[in-house]
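Shared chain: subunit A. Partners: subunit B in the first complex, subunit C in the second.
Coming up: the complex of A and B.
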């Protein structure tokens, strides 16, 4: 996908004016071609138990995806594809200010990390949210640079709430403990030595989740990851994803 | 050394006629064509696993996750010609390598096919296996001679350290005899190497051990690759021995590939120092340029830029630069061109 496409889509969603201009736009559009819009009229909003969670009214899944946090009683699933990162994630809001997650992350189908996570909302303002997340998982990489080991990641997300879009910045610090076996063949015989080392991966994703409807969102982002820093140089990537969600109670 | 005119490497004809085709470098206001005499085509699957890991670890993420794809994009004849284009290099020389225990295998046939695909851009050096020399040596020499009869195959590539045979072992001198008889120069890797599994003892890396072979084969041109550089400790290594041999023997040439790369010369001081020493010794007319690419995308052009910078710092004149970048190669490999 080209940068131009990302930018033009971003401009569309970010630049979509809220309020009067929005009303004027929809008023001038023919009724038959009115697209499904992000906001839902109040009278169609689900009753009381379903409005628990974030914000005063039912907000779109896109905003919860950007914050990495699902409000109490809400769930969502998402998948993304890009270069080099692919991913799948499910979120479940469990109340008490917490949300849980199950995640699978992959790069070029050679590096994999399944993980479970717990997210807490640290700042919840009408326009801004900040969340923190802890993920525990297992990293394995196949191929010439095969490696495996337990993995933990801390994430910080900053998400903005616009009417139809949620721009976000995610910063992550991923740590893996790798055990490696070295076989030394000498005249005196073969010795096997085990050693451990850490792999650190720094992560920054800058993107926007656009609200196609209340239940559907499209995620577009640039991924700046520094895998196995500082030993290895890294090339930036990008991904596109889809999120879908609803209520479970 | 005399060859029929139709064996003159097609690739050199354009250069000697002054056709630049947009390639070359501007040195001190003078346009200079460039020939890179040291390039490795490859086939990822023919590289031993430890070396695959070593190479993969040098690629950036995520290219390191699929090093096979990355390597094949760069190491094919088309990939290499693309790198020559990017780097402004007119002609490249592909090396065959038979070092199954270390850097791997790039067959004569692979090199011949690349040269046949791009006859105006690529030349080839053939090689041979030496690991079962006592019983297979004669057959290997025959195969080498056959490979050298193919169009565009202009020399022989050897790397004692990678191929595990001593530089001073006379049982291998048949290779130099053949080279002299056919008028095909021999390229020899000298100096240490950071590849896994290579022989680091002086008899495999120190060019001083080549002297008996050089002295016994005055009709054979010996090109001392890497100038005895110490790639393990990033030090100048056996340069003075190379200089001494070049003074003593007219059939010795010098090639400065790889030693000036960012990885091998982190301070950037060694490469200009080496080039300056060679100029001070009056041996610029023995220098033949090579990069040891393609390594990774962009390396071929990057090494050429580093060479130009090093030449400027070593106060090379435009004539010196021309001798190093293509003049001496044409003198050695295309002596009959235009006749």
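Coming up: the complex of A and C.
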């Protein structure tokens, strides 16, 4: 039974019979087309006029999510929950090889980082995508170790494109500027001094976004983050998320 | 409907100014400058030689069940017994009151009564008048090998 389950999962991600979306694509294909061509259209081919308005395209939302990049005219939103990281993200393809993003990241509701980002697709091959992303935001950390300050993150993503799944590796380098103020009250008057230190958080996520349909995807990933390295210990975690997307023009 | 990519970028960038509203100060430290004048004394005929370790401490820190006495602020080393004048920065958010504790380092090892030494004298006085920028205190070193915690009765 377990072998059957594994085989079923394998055929689902790597090569499965056509699902509902694929069936729709197959139905619109000429009768002389092979099933493979009909089910996995050329990535560069224009979307069908019947499906474009519904956000059903040759490129699934799962593949966009894995690369952190949406092509021109595409959008997607997603949310994930896990330990210790939660997140929500919206991204919008604006053309010229660029995609914008708005993201909210949280660790156990104690550490929050809202940010906006710009993603550039550096390598775009049928099976592989590499993107770079710059996020600018603000860090709020509440509790005993309260922190706040401007935050910037550089991300590098490697995403593979399988039939129904998009495995990916994301490496991030997150930097926060933590400013402190010292007020000295002397007999001669009061002086204020400012100082700052940096907080670096290294980030690695290894996961897979499974395409439920062209518009829906499920993200499963393992996270390894090292907040305020090297002064602390790295905490491994995992998350599960849902992504949904379509067209905005 | 055709929309400009620039409009989307402008919308995203427009959110940036709202982010600093949460503040950016992490450690907000308030220091109060105190010039402490006074004298370190030993009993008549007592030992005089050796450096003096002078510690400034808060009388009380913390609140409720977590309150505790004698939080250390700083330690300086004086050349010996006698008059002194030193300036300290006292963190006002971390405690109340001031206590001065001193001990005479007879053997120069930096340790109060290490094994084999039993004649290192110590003394403690609560500094009256804090907060004020100029304070005075006189400490009599008369208790051999006594730590600050033994000498202070809150």
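Going forward, the second predicted complex is superposed on the first by the 179 of 249 C-alpha atoms of A that agree within 3 Å, B and C clash if a C-alpha of one lies under 4 Å from a C-alpha of the other, contacts with A are read in each partner's own complex, and residues count from 1 in each chain.
Everything that follows uses one rule, which is that contacts are C-beta pairs under 8 Å (C-beta built on N, C-alpha and C of every residue); 3 or more make two chains touch, one makes a residue touch a chain.
Everything numeric in this text was worked out from a predicted model, so none of it was measured.
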Using the touch definition from the top, say if A:143 reaches subunit B (first), subunit C (second), both or neither. first
Kindly classify A:96 by the partners it touches after superposition: subunit B alone (first), subunit C alone (second), both, or neither? second
Does the superposition put A:107 against subunit B (first), subunit C (second), both, or neither? first
According to the stated criteria, A:180 is in contact with first (subunit B), second (subunit C), both, or neither; which is it? second
Subunit B versus subunit C as contact partner of A:225, first or second or both or neither: first
Could you look at A:77 and tell me whether it touches subunit B, subunit C, both or neither (first, second, both, neither)? neither
Chosen between subunit B and subunit C, the partner touching more subunit A residues is C
Applying the touch criterion given at the start, work out whether A:233 contacts subunit B, subunit C, both or neither, answering first, second, both or neither. first
Counting only contacts in the complex, subunit B reaches subunit A at residues 49, 52-53, 55-57, 60-68
Would you tell me which residues of subunit A are touching subunit C in their complex? 92, 94-96, 98, 100, 102, 114, 116, 118, 136-138, 140, 146-150, 178-187, 248-249
Per the contact definition, I'd like the list of subunit A residues that touch subunit B in the complex. 83-84, 107-108, 110-111, 141, 143-145, 225-228, 231-235, 237
Given the complex with subunit A, which residues does subunit C contribute to the contact? 1-3, 5, 8-9, 12-13, 15-16, 19-20, 22-33, 35, 89, 92, 133-134
